[in-house]
Every structure is written in structure tokens, then in C-alpha cells.
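Got some structures for you, see below.
Two complexes come next, and they have one chain in common, subunit A, joined by subunit B in the first and subunit C in the second.
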Partner chain A sequence: MGDLGLIINLNLLRATLRMSTPIALAAMGLVITEQAAITNIGIEGIMLIGAFVAVAVSYFTGSWVLGILSSVAAGVVVALFMAVIHLKFKADVFVAGIAINLFAIEFTRFLLRNIFNTAGSFYDPNIVPIPSITIPIIDKIPVLGTLLSGFKLTDYLGIILVFVTYFILYKTVWGLRIRFVGIHPLSAETGGVHVNIKKYQAMILSGIFGGLAGAHLSLGYTRQFIENMTNGRGFIGVAAMYFGGVTPINTWFASLFFGFTEALGNNLQTFGLPSQFMLMIPYIATVVAITIGMIRKQKREKNNLL
Partner chain B sequence: MYVEKGVKKLAPIVEMKGIYKEFPNVVALNHVDFSLEKGEIHALIGENGAGKSTLMKILYGIYDQDEGTVKINGEEKNISDAREAMRLGIGMVHQEFMLAETMTVLENIILGFEPNKHKLLDYDKAYSEVMDYSEKYGFEIRPNSKVINISVGEAQRVEILKALYRGAEVLILDEPTAVLTPQETEELFKIIRSLKENGKTIIFISHKLDEVLEIADRITVMRKGNKVETLSQNDATKEKLAYLMVGREVFLDFEIEENEPGDRILEVKNLNVFGRRKLSNLKDVSFEIKEGEILGVAGIDGNGQTELVEALTGLRKVESGEIKIRGEEITNKSPLEIRHHGVSHIPEDRNKTGLCKELTIQENLIANKLPDDPYSSKIGIINFKRVKNFAEELIDKFDIRPPKTDVKMQNLSGGNAQKVIVAREVAEDAGLIIASQPTRGIDIGSIEFIRSVLLDERKAGKAVLLVSADLEEILSLSDRIIVMYEGEIQGTLDIEEANENNLGLMMTGGNPDFKGGVTA
Partner chain C sequence: MRKIFSVLLVLALFVGVFSLNVMAQNSDMRVALVLSGFLGDQSFNDSSYEGLKRAQEEYGFELKVLESGVSSEWEQNLIAMASAGYDLVVANTTQFQQIVKNNAPMFPDTKFALIDGVVDLPNVVSAVFAQNEGSFLAGAAAAMFTQHDEIEGVNKDKIIGWVGGMDIPVLHDFLVGYKQGAKYIDPETKVLVSFAGTFNDPVKGKELTLSQYDQGADIVMNVASGTGNGILEAANETPHYAIGVDMNQDGIYPGAILTSMLKRMDQATYLIAKSVAEGNYEGGRTIKMDLSNGGVSLTDMSVMQEALGDKFPEEILTRIQELTEKVKNGEIEVDSYEGFQRN
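Right, the complex of A and B next:
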């Protein structure tokens, strides 16, 4: 019981939220593009490039704000590049995404060596991180304080953006049109909606989300750049997006679930269980989650018979 | 003519002059004139490929004409796309509905013209606006249902309302009755008349002459890219229109010889199959077909007919129940094994599942033969000499044009492509022929030909399962008819007791008194 208390405690819940932020941010970008019928697996590479740009700009300018803004700008550039390849030159978006992901790993490694003369990772006291937010009053309340206060600004922003995404998709004219573009492009086209313009806009949004996720990873979640530091979080975002049925709120819950498995893995590691095995947990959870999702879908279809 | 009499009053709401349009190797429209008076119902008739759809797509901005002018209310316009057409008050209801199934009726209607406050959707306003239209024109719709849960007739009303919501003054209806039961067609005609009373102008594309004569004020006949004639309803008769459409007399009424059915070939018992949609799940379907018998399967598309054919041919898993061919169980066998039991299959969608457009006529004709002798060696090398002979024989027998074995299928017209499939499947010499929508979307000549082939097979003692959405086809070929509704057999009728009315009723779930037993 004592051991279990050490594993399942308030800090685990705190860690869950922290771990889920980059996944949720990426997943929101993915929800928007998926609603417009583009599966943007390039989000992984967008995040990685964003993470590097955020660290570099923060280091040189001493401003985490500029770090985030540049990371978002970089995300938009990469997303637009993918959009042009996919929408204008008709390349398969999966192929474009894989290319971007491979490019991002090598490109950031290259820049790491050429700009900072280092390999593996880059840490420096001059990197200004994203600040933590202490919520007055709540901070002093025992349990709530630990659960709600003292997270990074981008952790809070991530949660707010989940609801913003929901609002945009389901309450605005733009959201309605995006959904039609994804489900039935011809009807959108005959309704006077410019399908491709909408798709470009969705890709730009996913670039913004990917950039934010990357900046959070290198300036909020940590304070350094590590080669390939996204480590599949973009792909887990894809899983979260599907597991959440491509809707923002459910996708957020899925992100929290994946964050929880990561946090749990980290906690168990401190108990001397083999670390490689514990690090596998989020990925195993991803496979299990997708399997459950598929089984549920089949069951639903079977029930239709009655 | 009518136009000359009405002149000096108002310019026609639409006037198309000298429209010429060429597609690769085909002149689709050869200097066609078409004029539309405000407030009329104008039928546009012709066979498939006559150019009526192309003409309307030019009016709706989907195609650009190579030559000719389009005037709207007397002003020459260049209609570059559908948006522009809509701005000019032209709306079109396509044969394939432009509706997103997982969205609500309301969302589909307002798309592109959403009532909003600062870009936020105003669903309340949208709802009341849509209900206003529905009351004004006497439509029955349920704005908050998802499209996937509404009937075909309702989906069509939604499409019409959508066009009106977008400001259509001229409404193009592309074969609107093709998917409707006779009762639903009557309902549609009421709506069309109410639109006319409200000053709207209707273009009604069809090839069903009775309907055209019932609803249209004027009728324009097209044939092979040319306009043949525009006549007023009073001057038109069914025979005259048919003659103008085809250019010769047509005999679609077949003399069906009396035929004593022989042994039982197909027996289906309590078949349960999961469908694409809830409404198309098969529930306890049972029937049988004997030698020398054509069993027609009537029903509105999507009521389980597709699933039935797929289950019989091994393309869809059977959950429970039995399918037997001459007493041998074939349930859940592979398509190849089922073919070996003597079942041939004319699929409903010739382009998706019936043939390979990239390959040649002869390759498509032997698609179900390989890897059998004598067309290939033991290790699978094709003997093209034999293939060619075989293909030439079939091309000749089925009058396939062009009569060349090595022409790619994509160069064939719909009718000839369909004949290739029919030729291939009939040449199997199988005991059971499953023919699904065998004449959908093809010219009258090919329809005549294919129907007579099916009758010949019946005469030769084959069993035929004929699935068709075309009631006329069902009624003119079948010995018995089963009607499918929501995945069940709604009833079985002998040909003597069946007519469009009672079939139409059963297709929408009604139970006419003279309904036969549920099992055949």
C-alpha cells in the first residue's frame, strides 16, 4: 500500500498534465486538418523544428516570447510547404509528412552542430524558459494548489486551446465549412466554398499548433534542445486524435490518457524496474488504445443489425 | 413555335445559342440552341449521351463551351463556375446528391450562405429561415436529422430547398425521379408545381416519357449532341417523343413466352448480413429461384439489395443463414468457389467492380476465365491467340462496338462496356446469373439488347436474379418479384398481380392487401 501510494499520488497527476500538453497541442492541430481530410503526420517534424527554433531564438534574444513566436512562424512555414506539395503538386500527404519528419531530424542535428558546435543536446543558462504561473489563493490550498497551480504558461494555454478549437469547429461559419470540406468537398465547392483555400488555412493552423507544441517541449517542459526530442509525441498525437474520434474534447482526454501512461512509466522507473520497459508504456498504450477504438467501432456496427 | 409567339414580352430567362462542345474524340454538343421562358416547366429529354447533362453543366458553370453564347435575362454572361451560376439565380439538383451524410439537414442547406453574427453560426435564425421555405413550398423536412438517416425522397427535397435557399430562380433537376418510387414521384411533382406557382422556372431532365408528358409545359428533345426539336406539351405524344429521341421506333415491350420453371437452383434461407448502413442490414431473407425463371428484386437503392448480391457472390460475410446452389452449400465460400458452383455475376457498378477500364476488351472478356485451360498454360502463360478468337466470337455475338479485341475499355460507351460484362458473364454458362442493375445508365439500344439476352438465358433454362431500381425493367422481365425494404423482404408478387403502384407502396414499407407470403 505504501508503495502504491508512492506511485499513484498527486505528483503523478501533475506529471500527467505536464506530459499531455505537447501531445494535446499537436493533436488539436491534427484534429483541425483531419476535419479537412488531411492527415498531417508531418506534425512530428514541425514540432521538432519548432523546438529547435524556440531554443535558438530564446538563447540569442533572451526572450521566451520571441522564442514561441519564431517557433510558431517556423511551424507555419513548414506546414505551408507541406500544403503546397500536397494541394498544388498533388503529392500524397503521408509521403510529404514522412519526408518532413526525416528532414526535421537531420536538419536540426545539422543546425545544432553548426550553430552551437555541439551534438546530442544543447543546454545553456542563457536559454530563457517559458515562465510558470502561480495562481494566487489556489496556490495556498493544499491539494488544489498542487493540482492546479504552478504549471507553465503553455500548459494552461494548451487547455484553453482545446476549448477554442472546439468553439472554432462547431460554432463558427469557418468551422462548418471546414467540416464540409473534409466530409463532402463537392458539396462545399457547389456551396461556393473554396475547398483548397480552406485546406491551406487548416494546414496553417496545424503549423501554429505544431510550433506551439515544439516551443513548449524545449522551453517549457524542458529548457534545452535534444536531438529528436519529440520522440514520437507527434505520432502519439495522431493516435490521440483517432482515439478521440477527431473531436477536440475527446482528443484532449485521449492526450491526458497518453500523458498519464508516460508519467506512470517515469514513476515506475524510479522503482528500479528496467527503464527501457517503462519507456515503452506510452507506446504500448497507444497500440492498445487504437485496438480498443477499432473493437468499439466494430461493435457499434454489429449493434446496428438489431 | 412557342418562342416566336411569346416574343416581345420578355427576354427568355435563359437563352443558349449555338452551343458547341467537344470532348476528346467526341462532339458532345453540336451548335445547340436552348431557350427557357420564365415560369415554365421545361423538360429536356434524350438518351444517355445525347448531351442534355453536358448542356446543363455548361449552364451551371461546370463546363465551358467551346462556341456559343449564354444569355440570362437578355444579358450575355460568362458563367465560369457554379458560384457564378448561383449568383445568377441558377440552381441544380444533381443526380448524385451533394449532401454530407454525417451532417444535419440544416447544416447542409445553409452551407456557404450561413446566417451568422460576427462569423458565429446563428442556428436559430437558420432554422426559422429554412422552416419558412419549407412551409412556403409545402416541403416536409426535418432540419435537425442527419442526412444519413433520411429517405432518398427527403434528401431530394433537401437538395431542392438548398438550391432555393441559395437564391435559385431557375432550378435544374437532373433525372430527379430515377431514384424515387411512383408515390414519391407524385410528391415531387406537387412540389414542382408549387415552385412554378411561386414564379420559379424548372428544367426537368428525364428519359421517362410518361412523367415528362405529365409535368412539362414544353419539351426539348436531344439526340447525339443535337437538339432535335422543342415542342409544347399539347403537340407531344409518347410515341412521337420516343421516335424523336431514338430516331427509330423502339420496342421495349417484350413478348414473354410461357415457361414452366424446372428444378430449384438457388435456395436462400434466413439470411442475416451486416450492411453498409443500418437500413441495409439483411434480416432473415429467404427465397428461391428455379431453372427458367427470372426473379426480380425491386426496392429503393440502399434497402439491402447490394448486400444481398454481395452475400450471394461471396463478397460480403454472411452472419447466419444458408445459401445453396442445387442443394450444395456455398455460404461464405470465396467468390472463386462460388463461381465454380455455377454462379455468374453482373455487378451493379460496371466501372468500379465490373471491369478494368485500363485493360482491353479481350482482357476484360477473359477476366473470369484465367487461370483455366484453354486460355493459359499450366504455369500461367496466357495463350493470346485463343483469347483473341474467344473475344472475337463474343464481340460478334453481342454486337460490341468498336469490334476490336485490343481496344481499351475506357474508349467504349456505357452501353458497349456493359455488353462486355454481360457477354463475359453469360458465356460462363452458369446455372444462375445474378444481374444487378444490368441496364443502368445506358442507351436504349443496349437496354433492348441486354434485356433480350436475359430472356434468352431464361429460355435456355437458366435461373436469373435480376436486381433493378427500374420498375419498368422489373415488370417487363420478371416471373416473380420480391420487394426489399429496410433489409427485409416486404413481399413477393407474381408478375400477374404486380404493377407500379403496389410495388411502389411496398418499396416504401407499405403492405398492399394482395401481398403474397413472405417466403417464396
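Right, the complex of A and C next:
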């Protein structure tokens, strides 16, 4: 029992939430675009650029709020750029996404060298991080305090945004139209919905989410920028989105699942199990999850056609 | 179409040539540093670069750095520099061992240096480090530190931690020494071990470190380059501690980092570049950097001393001094990882 307690405990759940936030934020942006029939794999690159901008702005202005805002703005610019390529110039969005991802790695490296005269990584005491939130009363309650209090502001924001995304997609006219555009663009157009405008708007939202995810990674989760620091978390977000059946709440659970597998792998490795296998866990989980997600997607598409 | 193609070609050329390029006038000697990673790791790569820069200041040669995190590009970069006629091509890290072995014979006029690995060829100088000896001291320091539960953030358990980047032989050489040092101080010391599987994911490094703290470790050694930045950050954000690696990382988060195990790549690259500049480069030999010649060592812990004030356990310093002497004169023989070819 003593050993099991080392692996499965409250801190495992805390780590799960911490690790799921960047995935969930990216995945929410993906859910919105996927509902509008755009698979925005460029989210990985948007996150990376966002992470850089957040650190740079926080460093120069001393304000994490401005850091987040600029990161979101940068995310929107990149997402809009992708949207123009895809919607106006009819490029395959998948190819555009890959281009953005490759561009983001080299572009942030270029900026790192030219703005900060360093390569590889940048951290500095002047970078002001996103604060942790201690919830006043709950903090004092033994179990709840550990589970709920002391996370970064963006961790909480991430959870709230899951429900906001749900509300937008399922409780607003705008959400209805977005889903309409995704399911059957022709009838949407016939019904008087501007398909492209809706798609642009969906891309803007995914840029906001991608920027937030990036800012959280570099200003919340850690307080530094490292080249390619997203390390595939945007892609895991794509997996979470499919696994969650392209609905916000289920996608959030999928993100938590991925966070959990990584946290569990970490604890098991620390406990003494071979690192090679423990490091595999999140990726095996991803493969399994994406397979399940794809099967469900096919079923859904079949239903849509009927 | 052809126009676009030619523009693209020109762009590709520019991108290809883009890299750190420092020119110096008073010598036509040219030195290239080829990395299996990036500068800015505050660690291995930066240290090697620093040594070359120091030599550059003295002898004034052209210095070019090629960075790449993609393993398939490492060999291309090395060949490109050798073909371009660079006088000295420094291949940084053990991951270049096979690459240098395969390619050095094809460029007999080029002088090669391999840092952290051995290739026995007439135009290669190898530098190897006794990281096991340095880690031995780090493990001993950690094992002593974890017993001082009067210090904030140190618990009663005799558990210390170790987080590495990729699971490669040279890191195991660190680990063997670390464990031996810890056991030498107290056989009951338990060492938690994790690998991040990557050298550039600080988030992963941070989580692994938090997991180790959670399982009772109060001090964790970083052997993870860029991933290690997250390890140090974890130490800074919790009441617990870390040990730095390669370069002096004590001052990054004063009071959170007990000491750093220095691996003087800079000394090795400096000496090799110097030998080329002065015309006494001698291929086929291996420079051994260990405790006795200052190639590896611990920092003086002065940053931690200042942070802890009276609470700093002075005995750690005296014991480390003692152990250093014992390792130097052979009284203590530090094991090395059998899978790591030092000779």
C-alpha cells in the first residue's frame, strides 16, 4: 500500500490537470474548427509562436496580461493567414498546417537569435509569469485544497473555456450555424449562411485558443522559452479532439486522459519502472485513442450522409 | 514557374548558409563546431562554444557553428564543413562518435576533434570526461544534504533524485557515479531515476522532478540540457533543491541549486583549438578530462552558502574536499558504465 500510495495519490491528479491544460486549450480550438470542417493541425505552430510572443512581451513590458494578449493576437494573425490560404486560395488546410508548424519552429529560432541574441532557450528573471491562484477557503480543506487550489490562472481559465466552448457551439445561433457549415456547407449557403465568413470566424477562435495554449506553456507551466517547446502537444490535442468525438466536454475528458497517462508514466518511472516503456505510455494511449476516435468519426459521417 | 523556382533556390541557399558566422581578420584559420543540438542549453553545447570563443579571442580565427536537433542532419553538417576546407571540425557530443569514425578517413587533411567520445584515427583528437567521478561527488553531496532535515524543504527520508535527458550510455556513466557517491556516504540512500527521453522539453523535466519530490526526494540532479531548465525551475518553485550540470548553474535560481557538476568542455575545445593554432595538433590521441586535471569538478557552493547562511552544512564542503583527494590518489575507484566506451 505504501508503494501504491507513492504512485497513485492526490498529486497524480494535480499533475494530470497540469499536463492536460495545454492539450485541452489546443483541443478546444480544434473542436471549433473541426465543427466547421477545417482540421487545423497548424495549432502546434500557433502554440509555439504564441509561446514565444508571450515570453517576449512579458519580458519587455513586465506584464503577463500583455503577454497573454499579444500571444492571443499573434495566434489570431497566424490562424487568419492559414484561413486566407485555405479559404481564399483553396490550398489544402492540412498542407498549410504542416507549413505553419515548420515555419513556427524556424521563425521562433530566428527571433530568439535576433531579439535576444541567444539560441536554444531564453529565460530571465524579468519574465513575469502567470500567477498561481490560491482559492481562499477551499485551500484550507485537506483533500479539496490539494485538488483545486494553487494552479495557474490559465489552468482554471482552460476549464472555464471548455464550458464556454460548449455553450458557444450548442446554445448560440452562431454555434448552430458553425455546425451547419461543417455538416453540409451547400445547404448552409442555400439557407443564407455565409459559409466562408463562418469558417474565418472559426479559425480566429482557434487562433485565440492556440495563443492561449502557447502563453500557458511558456508563462504559466514554465517561465521560459525553449525551441520547439510544444513538443507535439498540439498534435496530442488533435488526438484528443477526435477521441472526444469533436465535442467540447468529451474532448476535455480526452485531454485529461492524456494528461493522466503521462502523469502516471512519470510516477511509475520515478518509482523504478523502465523509462523506455513508461515514456511510451502517452503515445500508445494516443494511437489507441485516435483509432477509436476515427472509427467514431466515420460512423458519424455515415450518419450525416443518410 | 521557372522564376519562382529560381527564387526558391536562392532562398534555400540563404537559409542553408544562415548560421552563426564570426569573422576575424588576423588569421585564415577556420574552425567549425558541429552540434547535435542547439546553443543556449546553458550546458554542454554552450560550454564547448565558450572554449572555442576563448581560443578565437587569442588566435583570431573564423568560427562557424552548425546546430541541428535532427539526427539525420548531423552527418551532413560534418561532411559539409570538412568539404568546405575547414581546418578544424569539432564534433560535439558522443552522438558524433560513429559519424566521425566513418567520415574522418575521407578527409585526411582536415583535423577533427570529438568531444565526449573516442575515435582512434590519425586526424582525430578525442576528449573524454570522467563524468562518473564528478557525479560521484555530486551524489555524495546530495546524500549528505538529504540528511540535514533541519533545512527547509529537506525531509527525513534518505532519498535523492536524478533526472536525465535521453537514455544514452554517457548519461548512465553519470548515473553510476552518482549512485556510488550516494552509497559511499550512506548505503541506505535511495536514488530515484527518471529519463525524459528528450533534451528539449522543460515541461517534461519539471513534471518528472515534481514526481520525484513527491516520492520523497528533496534534491534532484539535472543531467538533461534543455529539459534540465525545467528541473531547476521545479526546484525553484518548491521548497526543494536541485544540482546543476555541465556549467555553473548555481546562480540561475540562487538558493535552490546546491551545486553544479562542472564538465569542462570549454577547456577541451580550447586546448584543441589552441593546438591547431600553434601548429602542434597531434592526431590519434585522447585527452582525458577528470578530477585530477580539473576536467570535471563541483562548484564551490558559495551561492548556496550565502542563501542558507548559518544553516549551510559546512561538513559537506570538507567531506567533498576529502573525497576529491581520495578519488585523485586512487584510494576510491569510481565505477564507470560498462556500455560507455571511454577508451
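Structural remarks
Keep this in mind: the second predicted complex is superposed on the first by the 285 of 306 C-alpha atoms of A that agree within 3 Å, B and C clash if a C-alpha of one lies under 4 Å from a C-alpha of the other, contacts with A are read in each partner's own complex, and residues count from 1 in each chain.
To be clear about the criterion, a contact is a pair of C-beta atoms (placed from the backbone, for glycine too) under 8 Å apart; a residue touches a chain by one contact, two chains touch by 3 or more.
Since the structure is predicted, the reported quantities are computational estimates derived from the model, not experimental observations.
Look at subunit A after the overlay: subunit B and subunit C fit there side by side.
In the superposition on chain A, no contact is made by A:Lys198 with either subunit B or subunit C.
Among subunit B and subunit C, the chain that touches a larger number of residues in subunit A is C.
When the shared chain is aligned, subunit C comes close enough to touch A:Asn267, but subunit B does not. Of the two partner chains placed by superposition, only subunit C is touched by A:Ala15; subunit B is not. Legend: residue contacts after superposition of the two complexes on their common chain; A:Thr118 is shown touching subunit C, with no touch to subunit B. Shared-chain residue A:Gln224: touches subunit C; no touch with subunit B. Using the contact criterion defined above for the overlaid structures, shared-chain residue A:Lys171 touches subunit B, although it does not reach subunit C. By the touch criterion stated above, A:His216 is placed in contact with neither subunit B nor subunit C. Once chain A of one complex is fitted onto chain A of the other, the partner contacts of A:Arg179 are limited to subunit B, with no touch recorded for subunit C.
The overlay of the two complexes leaves subunit B and subunit C separated by a minimum Cα distance of 25 Å. Across the complex, subunit C meets subunit A through its residues 20, 37-42, 45-46, 67, 69, 161, 167, 192-198, 200-204, 206-208, 210-212, 214-216, 226, 229-230, 233. Interface residues of subunit A, counted against subunit B in their complex, comprise 171-177, 179-180, 183-184, 186-193, 301-302, 304-305. Residue ranges of subunit B in contact with subunit A, taken from their complex: 82-83, 86, 92, 98-103, 107-108, 110-114, 116, 119-121, 166, 272, 274-275, 277-278, 281, 283, 319.
In the complex of the two chains, the subunit A residues touching subunit C come out as 6, 9, 11, 15, 18-19, 22, 109, 112, 118-123, 217, 221-224, 226-229, 231, 262-263, 266-267, 269-272, 275-276, 279.
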